[in-house]
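What follows is one structure encoded as structure tokens, with my remarks underneath.
The chains carry the letters A, B, C, D and E, assigned in the order they are written, with residues numbered from 1 in each.
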């Protein structure tokens, strides 16, 4: 590899480089401004802004996917980077009003550093087309998030979350690594394109391929919290600081899905016809596996969420259920499905962040996420109540909110693929989900406020942040064309 | 009227009102109430204007050119979606003879429900804001001609309804509210699937000549628009039309509510505050049958023809079963609720006959049931306001102390019984004429006449228990209707009697459309095989 | 069979992998669990190196092993930090006893 | 006067009472004197009716029809324009009926002014009378089945309101409800019959339907359906005219004010059923007619037997009404069309008179209705007594009265029918009933007015009613004299009433389903093709009637006389002691009767066999028929309770069960989340293994 | 069975048996020291597989770094006065079943799979080649790992640091 390659690589990796530089910058600033850490969020925001600039400009320049060694830069990846950046911005905003984080203000430097570490990991994850790079990015992402999950280290539940997270994560990624090693042994490469070539030409060794695939999927499943690899999710979501929970539930899950799509659609695909339908290699029935996993995931998520009294935990299960819905978009093996995943993620990001933010604001006041704290809250804090209602309705997938559009697209993909039975199961699941989302509404509005009901006054900054999440939910609920276009364009350059 | 977006105005005026109310202070109760009143009043005026400009000779149903007050804009358009080509959703509204009565009904019942809401005890601001949102949802359903738009409005009313029952309802409000919510959501998710299935099965030619999949209901009614391989395409030998029809039917049937999906209704009605019961029974239930007529019938005429006996059977069960159960009730409101089940059965029965008289009767019955049941619920509400009980056996002899009220009750009850000279008679008679006139449904129609008898039985029994006999001294000094209440009752009474004497007023509006619908449903989509699973 | 070949290395790695998992799921002490994780990673590494050697895939396999070793170090560091912190807050490091977050 | 004017006046006649109702009901509270307005209005209506009648009857052959589109269903596929018309048809029957209705209505208005005085809902009562008159006139004037049905129901409503007028009494409210519901049963049949016709012909108009039938266009191409349609429509009459088995409501309906009983439950509304049968006569097949005849005959018999034993003055009259209505219905069934209508008219007058007379008695006796507490009243109330007696003679079929004429014709018809078809049972029942009628009516008269007062206290306070009450009695009793109908006191057929005004319409049903005697003669072939063209029966029938006339007359006279004689023997001359007779027959009763019937036995003084039979039927009426009604109600209630249970536990249960299962699944899944990370990891490992084992293609 | 084979079996024996001790010893110190042997054994395997550099790294990083870290961890989490270094085990039976099935499955697959075996040249010194690769083909990963280590440093410090 000569210098032109290297400079090409640098050119392709401007967003990642930007992230890295800001990461370092944060570390340095943290050391310089040891006493006053107020500047750090702004550096972080600046970092996001600059990165976003690079991402957007790259998005404009790239027409066809550019493959270079272990990475492939394409609009598909950039879409996820945009998603990640937006959620990062919001999480930074959340951080600004999070009492949990304020309590550890002296370690804010580490906080942002690790957040950028996560971001870098995610960026690499959505760009990588080589299993080893994928693995390492995943680890970078995970290591950062382990620490962040335990960031409020004096709180026991946070520490517990971190421990569980790291042990669980280490095993999952260990499984994945072992799977990768087997794939490497079979194909002699870790590059997805090369693997694909091999898989298309060879048809022996199906059992070991299945084992390797499932092991790799264990790593993916862990990241996207698909059942039965989801176990860490509720515990960690509940234990981690809410800002991080929000971040994990959106950004890190997005990166995980991007990884899944990359591996499945590059590594395992055998045919892609003109109508946008794909076929994967026959050796391993990915589709059936994903169908089972998806149904199991959403059912488990929804049904377990019915019983949760802790809102954070309830949202954790809900995010598991949503992973199930998102898997539907992947398993139909069509461009339509991928578009659906992209769209869904965008809306999911808005509504999930919104929900977590409100939970955080309320927890700031009450110190608890228990649903009983929400009794009558809709009357004492109508703004938050209504905003949370919108988020939850959107999570349920009712019009006229964005969540409905997301679901609609998933089901469009399913019906198009003639998977009616799966669609029916998914729809019935969404009915179940209504129950626990509405349960929150019940507590907020149907229960009368008492003197113990907290009055949560949101500051104007918080209101603006919240509006920035809620208004798009409503607007995209009735005018979703831009997002579809965005998703469609991003998919147009999907590399194969 | 060209170019004046009256339908949009009708639909979104309440949203405007809602916004105004949200900007008002919680303490400005009077302003809030009057805003709601003015908005719903304007809606009535707009509906009247619409009726005044409505051309009775145009059929609508499946022909965009004979729809009126059409508003059609491209809402969402995404091109170049791989094999999908173009994805588009239209903002497409229009009315024909089936929707005009419903629009009128919605406007009137909303207005009266607003008056009835005057004494809502708490959280007025929220109440009226949600109420108006609900109004928009209902109105939207009745004017949408695009399935997507229809669905959005359909779901839009769920949440306000949940809150309206759940916050302002009776003792078991939470149970009732969530039951309503879950039930209707189950129905609508099936509808969603069918909607998507239809989307992939038919295309519409766009202005630039290209073909695009469509949610346009009118395009979906045209057999020629279907693709060869669409999952719900009649040309596809392995199509799912039968299953889709059932799914869609269940979606609508839950709303109707049809046996055995009706159990949400008594709970919701009983727990809801009076105005909301009025809206529920007056308008919401009609959305189900309207959906069947607007969507199921013309889009799946082949399956409809296959299943007409089944629909009629359920209509019959509704009628008889609802009446039987009503007879056993001890709660006034529950009795009325079950009578709704019974009366909506007539609508189903009439529709199932696929005949002009039957469907005319069904649509007319939708309107009449809307007004009559609204009145019945108001009656219960008035009594409950004064006595705080609804037990039928807690009363007696009220006719002596409340003569004026009893007068209205008698009118409403006899209207519900289907006494001639009241609107209910014409519609029920037409339903029977229709259902009896078709061999398939004849026997069922005959059995259904039992409902006429039972209906009279429970209504008269109620009348006797509550109003006749010895006066229960506990209620010796309750007061007769006040002016506000008179204002609610008088218009409804006038409508009921006016339409009973002069049914042409309503039938002329709908007959052209209904005949066209009958034509479509009996002839189109022929020569195709309906295959099951 | 006795002639050592690729399979032999793979069998060793398989056994290590299995033992690693066994350690992870059975040991109460968090640090012992970490040891199990190291065994897992080592077994994968043996695979990489063995495949590279016998499949004649060049040095890539070795590079991967190198990466994994580095990563294992980083992971171990963080894991230990977390365990230490846990010890400070819970005064215990038996993994099975740290189960306040559940259901 | 042109037809148009006539139509206009008829419409005025129709709507004036409605206007009266509307005004009085709304303003009655403020202006209590408005009842006078209502009475005046009814007078105007009566006068206008007379004008119309006179004009119309001057040209007996003409039929005036005026109709308009009520509503239309537009251009219906496969059918074409479907229009529903409303309209009025003025022929002789119409105007005669209008006179009956309006005259009696007016007289009842008048009577009520005094009778209802002091009631707290005085003006409302008159309003109700107004709406009743309107509804009844609607039935009379209509030219189509739908309108018939509409006013049919409205009449039911007014009846409901008036029976339950004293709603504070539970019995009154109950009776109103019962009347409405029992009527509804009949109405449903009627409605179904109408549906059959409409389905085939897409019209409700009588004449159009008949034209179609005559043209060979049968409902569903089958004479069976035609028969069914006829019988079903007749079911409406069964309800309204209180025919067996739906007659149970009528005695209870006596809970209403007595003038109302006179107007509605004796003279007009209950006759509507007969009027309906008369209207549909042309389309009745032989089978349908036979069914009708049997219904009528049986009803008249059952009611007569019951009437024998009743002690409530109004109950006796009520059962007698049922019995007489049965006569009329039977008469339609046997083809004696003209006599059916004739009897309707004559019965209306004398029965109204009887009821008003009883009202007068009740009023003067301070609302005492039990005849056992009366007696000797003829001295105190001579006018009432006289009127009552004339009417009683009329109903008993004594010559020189109108009742003699109509009853005689009717019975002659039944003999003719028996001789022509072999159904001899019908004339037998007819004559039996005639005897019973004479008996129980005279029993009533004798007990009420003759002899010694049984309740001296009440007797002392009794007095003749004021003029406003006696005037109606006088007018009505005068109308029970033969002279108004025919100059010949022993044969009505020669009179203007039957000769000019009322003629049997030609049957339009296919020849093969007619009675032999109704088959069209060759000579009438052409005429028969044009419906509405009224012709007399075939020669065969006319001849049979002719032969039957004198036997019938003598037989009925003999039987009637026997009945009267018996009544006198028992009650007046006490030749036979009624109590002893009852004592004798006691064993016959014991096995089937409970105490209540024993009481009845004591007070009933009828000849042995009839006595037993009467008691049995009374029991039958009370326990079996009413029992069926009540039993049906019980079963219905039982069913409804079951349905309710089903609804609560099964249908709802399934819903709740699925919720429960959802919850349970959630609970189970939740258990997986043990909180121990190592268990999670073990789960993951197992999951991987299981997935591999399932998904790998071994 | 040549010397190579014998050495392999020796290393294999050491590796596996000490690994068994690692996961089964009651005393945590025993486990830690057994892990040392396991890691040595694995390093020996690397040597046998001709990757001397990796073997060295294994020894330096694992033995010199990770293992010491673990032992530190053991020491820091057990108060000297109250040495509770014995540790029990949980869910033995299910784990045993799972692991045995896994092991059997793996071994079966490993032996039955038709691996891509191609005799090739064994490079004598891998260090230089590895270095080259690291800075050309894998420069991206190299940099990434740099950041990863930084993150690890920051993160570990952040978590483990004593709060004032």
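In the analysis below, contacts are C-beta pairs under 8 Å (C-beta built on N, C-alpha and C of every residue); 3 or more make two chains touch, one makes a residue touch a chain.
What you see is a predicted model, and the numbers here were worked out from it, not measured in a lab.
Graph distance from chain B to chain C, where chains that touch are one step apart, equals 2. Chains that touch both chain A and chain D are the following: B, C, E.
Taken together, chain D and chain E share the touching chains A, C.
A count of contacting C-beta pairs for A-C and for A-E identifies A-C as the more extensively joined pair. Centre-to-centre separation of chain A and chain B, using mean CA positions: 42 Å.
Here the spacing of chain C and chain E, counted between their Cα centres, is 6 Å. Between chain C and chain D the centroid-to-centroid distance comes to 98 Å (mean Cα coordinates, whole Å). Averaging Cα coordinates per chain places chain B and chain E 71 Å apart.
Shown for chain E are the residues in touch with two or more other chains, namely 90-91, 95, 98-99, 102, 105-106, 110, 115-116, 138, 141, 145, 148, 151-152, 155-159. The set of chain A residues touching two or more other chains comprises 132, 136, 139, 143, 146-147, 150, 153-154, 162-164, 167, 171, 175, 185, 188, 207, 211, 234-235, 307, 435. For chain D, the set of residues that touch two or more other chains comprises 670, 673, 675-679, 681-682, 685, 692. Going by the touch rule set out above, the chain pairs that meet are A-B, A-C, A-D, A-E, B-D, C-D, C-E, D-E.
Across the complex, chain D meets chain A through its residues 662-663, 665-667, 669-670, 672-673, 675, 677-678, 680-681, 683-684, 687-688, 691-692, 695-698. Interface residues of chain D facing chain B in the complex, by the touch rule stated above, are 29, 69-77, 79, 82, 146, 149-151, 153-154, 157, 160, 164, 167-170, 173-174, 176-177, 180-181, 184-185, 187-188, 191-192, 195-196, 198-199, 636-637, 639-641, 643-644, 647, 651-652, 654-655. Chain E meets chain D in the complex at residues 90-91, 94-95, 98-99, 101-102, 105. Chain contact summary for the complex, chain A toward chain E: residues 1, 6, 9, 13, 20, 23-24, 27, 69-71, 107, 110, 113-114, 117, 120, 124, 132-133, 136-137, 139-140, 143-144, 146-147, 150-151, 153-154, 162, 185-188, 204-205, 207-208, 211. On the side of chain A, the complex with chain B involves touching residues 274-276, 335-336, 339, 379, 389, 393, 398-400, 404, 408, 411-412, 414-416, 418, 420, 423-424, 427-428, 430-431, 434-435, 438, 441-442, 445-446, 478-481, 484-485, 488, 492.
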